[in-house]
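Labels A, B and C are assigned to the chains in the order they are written; within every chain, residues are numbered from 1.
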């Protein structure tokens, strides 16, 4: 089939609004579509999504495929997969993009296997090969120890975009585009997964991925209580508290606070790693921080090979003294 | 990690199990239980650790198969003890004591006693046994060649109906106060020597007249209970006379050599921990413009420590192999215990030298290794064992 | 409940980057001999979940892996933890199989094992970190699939599961059989047990070839040829850590604040 030169993104929703990563996806799609001399489109699935369609257009989308259906209000993976599959089969895009969000990590592979096409997850660089016109991506591997560059051979090339790897698109209200309603032809009775409920557990405050200062604690803190000290420090520095997987596994903080390869990948200006050994999985989450300060009483901890500043000591008196010093 | 000894896949799997068990269940509590106050009721005893050891099968690993164990050979036991003691000697000893004490029942017990008491150890997670032997006047006597009827063992045994009545005191009893069953040595026949006129009585902890009167606060092995016991007209029914036999010859016995081998393995675990701590420290402490290991005196000291460590480990593991092959070479196990004690004393003291001021600070684990090591001076070496060692050599081959 | 758990043998994810090089073809990561291989961490969560379900409901747990003979060690970790059976599919002819190839092969192996109610995988393997194979297995076997599951509850003939979201979780219900990928939030994997170690010593783990499970190696490779690895490299990580010290921790703290201030970090 002819190369349609279309780049389609899945415009994920969060609480009825566009997910914060969507403007980045739009920017990426726009760039790739331009390289293909093609069209950038978005797929919108949910209820009452008309307003969001115009928002997507203002972010640079030429077309928005809107599947507006009450039965699609909640995330039912098979239904969402079927809608995206339907659009892809009729439009035959060159590239299909998702954010590397929990949703994206779920949907991306589903579509790739359904369409019998290739997929690369957690990509940080994208380009269209000038000769083959195929998508070329770079993604981290081996716990971000390595970088792999892949060329797609199949169509569509499915990829998920790492958060903040690309700058978000700017809104241009003057842009025009097409909103195409999608007829939802799914036999909902045949779906095998039943959506029951959604439970929110979030703590207040800015999200980890937007924070400029993060004070993270790990197993070295010893117990949940000790995070209070880190919260104080975070407050003074205008930041938020994060956690290593070890601290989350111990039940000291919810997994929404986890910084790491499978938690949140952060890139603050200043990152404190306190009582954190520096496991690969964690470093993959915080390595893009501008400044990393490590406080750990183990001089052999791997974190000291990745931090810009380090203090080898028991964190409690150090953090307490820092709080004192900074409040004066 | 030291893996210079060739192990089978199964032995390596046990080594990994012990190492991971120590990391997950012992390391988080080791320093804390060592620091806690030693008092009646044993608030510092690691019951949860014991439950986990039971769940995994570590507590009964040396039991016969029919009682839920795997009849683990001595090399497997030494491998496990080494990994556990590396993290904390008291938890290691608690577990290895669970392998040793029941051997009396395994060897001498009637079928009914084996079913009852070994069954209890197999089924109840925190069930442990303690050997109540030592008394204020009966300590090294245990090992000295002394055949006169007048010996230090004073706990008296009188027949009463079908059973026996025990009166006396015991002290320094390992796991005293934590154990569920006490295997009590009492004087049955005063016409012969202590060695030949002693019986073994099985006393469950809630027997009327039996009480734990004190917990000994020690320089080291602080979380390992050593208790003082009192027996006031404690009635033992005949079903609880071990093996139904009133008099035992105390020389030899099921733990011959085993005690020493276990002590040696425990000591070498501590030695390895102390050595590695000193080595790590020497590689990062900077004085005189370079890391202290670059100073020849320190490098030389560490080299000697390594030599002693490997000599000790080799002797202990070789003895374990000999025991595993079916031969209880008590000369080798005695040599292992005494050599391991000398090695661990030297290594921990040398580690103190290397650490300098930091070494004696309670915020580092080294001072605990030193304190725990002190216990071996009498337990595994010391005059009585020296005498016993010499006597072993006197025996005909 | 009969459960198949797919596990992968990977180089220790905690081994530092200095222990790795890239092969001359730029296609494979080569770990130093000192780097041990382990069961990929999320796969351990999957084994644990399987064992817990078996303990609650009866049945058996089979661990399955695709890899060279050395992957038997990963399977043995599973049986030492308590898994009843293990199967290795030896894919020696396959260079680093693509996720689609792996999924196709594992699906065939699972079909041959048969009689399963539940298939569990880790959410992503600690080498390539792709997170695709679980989905692929479901697609190959035409089974429902739910990913990044943090809790499993059993109902009559179905499962009620929780999947992570950015601000909590979603609850879904799905009947058996189903494929789930699990995340570490679900459990803490148990250690091996004495009984498991003993059983494993005498266990003979079957090793299946691709032929044994009806897979044509060329076709398997072809179905995975959807993207090509052009280049694999290890970026240089150059961070000079400035250690800030002091006679006391408090002094170090003050020095740190001063340094951060003078370097305009804060």
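Criterion: contacts are C-beta pairs under 8 Å (C-beta built on N, C-alpha and C of every residue); 3 or more make two chains touch, one makes a residue touch a chain.
Just so it is clear, the model here is predicted, and its values are computed rather than measured.
No other pair of chains has as many C-beta pairs in contact as A-C.
In this assembly, the chain whose C-alpha centre lies farthest from subunit A is B.
A separation of 21 Å divides the Cα centre of subunit A from that of subunit C. Look at where the CA atoms of subunit A average out and do the same for subunit B: the two points lie 55 Å apart.
With centres set at the average Cα position, the gap from subunit B to subunit C is 41 Å. Looking at subunit A, residues 314 sit in touch with two or more other chains. Interface of subunit A with subunit C (complex): residues 14, 75, 77-78, 101-102, 105-106, 109-110, 112-114, 116-122, 136, 140-143, 145-154, 157, 192-202, 237, 245, 248-249, 255-256, 261-262, 269-270, 279-281, 287, 291-294, 302, 304-314, 316-322, 325-326. Those residues of subunit C lying in contact with subunit B across their complex are 76, 80, 191-195, 197-198, 200-201. Looking at the complex, you find that subunit B touches subunit C at residues 9-10, 13-14, 16-17, 20-21, 24, 55-58, 61, 70. Residues of subunit C that touch subunit A in their complex: 11, 13-17, 20, 22, 29, 99-100, 103, 123-124, 126-132, 134-136, 139, 144-148, 150, 160, 162-175, 178, 183-185, 188, 223, 225-235, 237, 239-245, 248-250, 252-254, 256-257, 259-260, 265-266.
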